[in-house]
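Two complexes follow with chain A in common, the first pairing it with chain B and the second with chain C.
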Partner chain A sequence: METAAHVNRDVPDSVRTGAGAAEAPAPGRGRARSRRVRWRRWAEIALLAGPGVVVFVTFVIVPVFLAGYYGFFEWTGYGIPTEFVGLRNYELILTDDAFLEALSHNGFILVMSLVLQGPLAIGIALLLNRRMRGRSLIRVLIFVPYVLSEVIVAIGFSLMLHPTGAVNDMLDRLGLSGVAADWLADPDIAIWSLMMILVWKYIGFAVILMLAGLQGIPDELREAAAIDGASYWQTQWHITLPLLGPTIRIWAFLSIIGSLQVFDLVFVIWGQYVADTAGTSTMATYMVANGRTSGEYGYGSAVAVVIFLISLVIALVYQRFVLRRDTEGALTEGVA
Partner chain B sequence: MVSGRGSPVAYLVAFALVGICLAPTVYIILGGFRTNSQIIRSPAGLPEPWEVGNYTGVLAGEVFWQQLINSVLAAVGTTVGVVVLGLMTSFVIARYPFKAKHLMYSLFAAGLMFPVTVAITPLYIMVRDLGLTDTLAGVILPQIAFAMPTTVIILVPFLRAIPKELEEAALIDGASRLGFFVRMVIPLSLPGVITVGILAFVASWNSYLLPLFLLSDNALYTLPLGVQAFASQYSIDTARVLAFVSLSMIPALIFFSLFERRIISGLTGAVKG
Partner chain C sequence: MTGKYRSRTLGVAGTMAAALVLSACSEAPEASDYKEGDPHTLTVWTNYTGEAGLAWFDSVAQEFESSHDNVTVKAQHIQNEELDGKLQTALNSGDAPDIFLQRGGGKMRDMFEAKQLLDLTGSAVDSPELRDKLGDATYEALTVDGKLLAAPQLVQPGGIWYSKDLFTTAGITEVPTTVDELAAAIDKLKGAGITPIALGGKDAWPAAHWYYFFALRECSADTLEATNQSLDFADPCYEKAAKDVVDLAALEPFNEGFLNTSAQQGASSSAGLLANHKAAMELMGNWEPGVVKDLTPNKQPLPDLGWFPFPQVASGQGDANALMGGKGGFSCSASAPKKLCGEFLAMMNSEKNQESFYTAFGSIPLHVDAQDVVKNEYDKQMIEALNDATYVSDFLDTNYGQKVGTVLNQSVVELLTGATDPAGFVTAITEAADRN
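Let's look at the complex of A and B:
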């Protein structure tokens, strides 16, 4: 396989150093093994792992590298790219106000997700971690939004948040018609609406994670603190929260990466053009609007590379400075 | 006692929370039972009287069923592919002694850094050049590929945990390593396989960006694409759209209620590694 060989040479070198550290020497099986046995073993390995590796390399690794390659061309997607433009695409992207605006929206989503979802999820998890009736049912129900597809969520909310939709009607009935607004079109409000929908959709996942983390904290610790005279909240603050640290940090990592990829919700609710004027565009919607839709595949690929590099830098920095003590670089570590 | 029976405040908060989480879903389902004039007159009201025409209308048409079948085919194809390829690859990484396996593991783990969003533009070109656009296979193969990293990460520890003695016993009894794989590994790793399969199924069921790029033929639309197309085609007929949306929600909800424990433990397990 030409593609597989190509990638095997190029890709994993960067990871190899990481893998090497954890690598244990393959158990020596003695030299007595005949060549036939060894050949047979390699045949088995190829037979078993071959299909998985080929599919993965073909549809994940190669496209990612192709994106890097196409990004240097002005190309409409037909034939072989010939119009090499060097870093021109990247220059255009990084000086395009529309992209910078999209980037700032991703940044806003990233920060607000952490600020809003984190404390909320921890609070809810603490609440649900106490003994109460119907606890397991509650857990399942708050997870429902996470299971629904983003398209369904998007259509449901775009109908509800319409100026003459259910939300404004509800506010009206509660005598709060002053609060009613054009939730999706008003550029001052739209991004907050998006934020609320994101919180609604993903809070269940955060809560479930936190609950799993809480279950790993032995009750004895909290009981000991209670015996020493700590109040419930003191115990949570001084005992539970620090011990929940690893879970919180992993959740934050996932939330950050997710925030940089937001696409479906925005694309379905606002569409690729309205998102700009409503102030909810994201890097991914910018990529689709300026890549595929306008037939500029070189440019679209360059945007993909920018998104990837931004995510990668943030992920590495986060791993280096925050996650390090929990996982010791789980992503780059070999089979431990 | 740190945790008592739960105070009324706790119940109140929990109740409000569940309400907020379910309200949009309930709105969609109930909205499907109303008429457009009811919805215009009072957007947040209840069905009065209940109108089943929207639902029966959608169910009587071909579009919904066609898209349901497409979604099922894509999800089943993806799940089977992920399970088969994932299990075979993980088995090699977990149990064959050879040097490149660490490299292989790292390659898959690195795949976690490449979400579909990043690869979609060249992926579209590649699938097109392979002649797979507007085929479900063109959606299924990339979906399998993008599910491989999580699958390998979940399955490898599972397969390593199978005791070496079991393998040796099988070998002594004359089974080959492949025989051991088929007769012992597959049954023993079933819990991990189910988790991985369910995650792949749910991801495929909800997948939007990939089919959006790769499918332009309406006849091949999966439900997420179909729901969006339906919503823009019948944008004036809100009640019908709501009925269509809630019908497309049902399979996911049934699936979730059946496998709720596995989905939740799979997701938290995958995250905690």
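Let's look at the complex of A and C:
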């Protein structure tokens, strides 16, 4: 807030917004003036935030409540829902093997994303943080997959990984036809193919985050360690990694949220029918297949609520136990 | 301070949510009080996107406008896959078009139960003369509780499409009429290094077609009809049909990677494989020639494309002449003017317009007097098969409604991959039906 006050120094008091000081009227000001100031502040908030709030409420908050409401009905989507079924939809979801499988796939993606992407991203970031030829080019190349649309990535990989596609053809020509496989339909392999695509697509984002984190570590610390005779690896282990902690924790948080929401890639590559048998279904594809495609909008809404609750619980637990140190620092400083 | 803001915004959100819920729960739309001569804009939603189709519709609309004073026809042509969702929203919001494409089956029943459809009984399209020309059976399929909920427009019989050249290359001289002959043909094709059957398993319904047609041959018409109502799959013929699918898959007749092959998109789709002579057969409805035409290298119709009815199984209870195919039509929304609606639909189905419909869409005409325009050999075969048919079923997923239909389609994919067996298959669809 201190910075905000600095920025607003030349602006009349009445225009200052956001600064805590504006809440309590300074002694000696007239009551009318303070009322006018308050009114004006509200008008400003309404004018500036109003459109955003309306859009947010209409397209995010209201649908969330509506999903909660529809989740108690059996409803085909035509007319108004009339068949109240209480918690039956939830009972069916939580006892449906297909949903539990989808949930386990999300869990697998979540864990493997952290295990595979984390170390890999840190490694690449350390590498790219050193001076070398073509560093910027490599940075860009690593980030490119992240920029591509998921649908484009999915179509590209589904063509390449198809049993008659480029990957098997290349393996064949290299004399490795024994390695060739049905990368997409074989339930033992498909989820690993998905994992590989996810890592390829999202590693760039992780690397950029880690690089930004590395920039924030003062060189003096490393120099001091070097003077004390620390080797390169000792420096990374004892200085870089601990100081990269906040970045890693934030990245892990984003990765977890992303893993719970995986949809586009699976939907485009496997479609909603084959994902189940190939073992790549996720909670979101389950929701679409059993809500929209089956015309069971009540059931689909209940699935949406379950996904929401699972994500919420995981996010809150993570915030409470892992991110607390980082966010506390940031927030308390910001609010004070 | 922030706490206060939050509670207020949430209050606003709550009020708005309540308002939306209430507005969504509006009453069923009132019937129209349109009187002849009143100005009216007749809104029509179709799934026509091709040039020829749009031109056909425009000419019908013009004909209607010129014979009805003060009436304008306003059409919206929506891409096929997007139509249903859009329509559902429009119907629920009470802002539905007067006339719209109807796919029949379970979806039509849902709309009927939500009081969103107009009863067309006694309107111009329900006239005895037109019923006679278009066939009573097609009307019956669109009638629920004695109410005519849609006017028929076309029927899309399914069967096996094949490349005559590839059959000749493999030394097959006669099209298979029994499943054993089909197996022999598959053997010959494989021997000649040709993929026997193209299958777009990714979309599930093309794979499910194989089950539907086996069920059509294994089950008697009475059993199939009874199941449409009861959703009871206890009759052993349903498990036998599942076993037929498994037996067929055991011959490995399908294109490599069929599970990740789509049905209609691009040269690597199943229709594309047929169009490029990479596979010899595909089981499809009669939209196939049109789809194949777009996927041949020169975008011209496949010259050696042939059609034969689904082969008969040994000791099946179904008639070898029973046919299966999609039936399409048009419905009117509950608040549409009945007289105008009936007249418009009747005009769509006049002899002249059914003839031009064939030219525009290549879909065989329902109207018996229009059937002489048919030129293609396979279209003539299909009309013959249709006229000889002892029973015409809609596709099973349409009959059973979306919920059971989706599980059915998915379970057929599982049958093909060996993830389930015929008994497990029947259990899965029975459980889905029991959830109703």
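In the analysis below, the second predicted complex is superposed on the first by the 285 of 336 C-alpha atoms of A that agree within 3 Å, B and C clash if a C-alpha of one lies under 4 Å from a C-alpha of the other, contacts with A are read in each partner's own complex, and residues count from 1 in each chain.
Convention: contacts are C-beta pairs under 8 Å (C-beta built on N, C-alpha and C of every residue); 3 or more make two chains touch, one makes a residue touch a chain.
Predicted, not measured: the structure shown is a model, and the values here were computed from it.
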Label the relationship between chain B and chain C on chain A in the superposed model as either fit or clash.
-> clash
Which partner does A:Leu312 contact after superposing on A: first (chain B), second (chain C), both, neither?
-> first
Contacts of A:Tyr273 with chain B and chain C, given as first, second, both or neither = second
Would you sort A:Leu92 into first (chain B), second (chain C), both or neither based on which partner it touches?
-> second
May I ask you to decide whether A:Gly77 touches chain B, chain C, both, or neither, giving the answer as first, second, both or neither?
-> both
State whether A:Thr58 touches chain B only (first), chain C only (second), both chains, or neither.
-> both
Dominant contact partner of chain A by residue count, chain C or chain B | B
Kindly classify A:Gly245 by the partners it touches after superposition: chain B alone (first), chain C alone (second), both, or neither?
-> neither
Give one of first, second, both or neither to describe whether A:Thr164 is in contact with chain B, with chain C, with both, or with none.
-> both
Who does A:Ser294 touch here: chain B (first), chain C (second), both, or neither?
-> second
Go through the superposed model and pick first if A:Pro119 touches only chain B, second if only chain C, both, or neither.
-> neither
Overlap of the chain B and chain C interfaces on chain A comprises residues 20, 23, 53, 57-58, 61-62, 66, 77, 159, 162, 164-165, 292
For the complex, which residues does chain B have touching chain A?
-> 1-6, 10-11, 13-14, 17-18, 20-22, 24-25, 27-28, 31, 40, 42-45, 81, 85-86, 88-89, 91-94, 96-99, 101-115, 117-126, 141-142, 144-146, 148-149, 152, 156, 160, 177-178, 181, 202, 205-206, 208-209, 212-213, 223-225, 227-228, 231, 238, 241-242, 245, 248-249, 252-253, 256-257, 260, 263-264, 267-268, 271-273
Touching residues on chain A, where the partner in the complex is chain C | 20, 23, 53, 57-58, 61-62, 65-66, 69, 76-80, 92, 158-159, 162-165, 182, 184-185, 187, 269-274, 276-278, 289-290, 292-296
Chain B partner, complex, touching residues on chain A are 11-12, 15-16, 18-20, 22-23, 26-27, 29, 41, 44-45, 48-49, 51-53, 55-64, 66-67, 70, 77, 124, 127-134, 138-145, 147-153, 155-157, 159-160, 162, 164-170, 173, 200, 203-205, 208-209, 212, 219, 222-223, 226, 232, 235, 247, 250-251, 254, 257, 261, 263-264, 267-268, 284, 287, 291-292, 297, 300-301, 304-305, 307-308, 311-312, 315, 327, 330-335
Of chain C, residues touching chain A in the complex = 1, 9, 12-14, 16-17, 20-21, 24-25, 28, 85, 88, 91-92, 106-107, 110-111, 113-116, 201-204, 256-257, 259-262, 268, 401-403, 405-407, 409-410, 413-414, 417, 419, 435
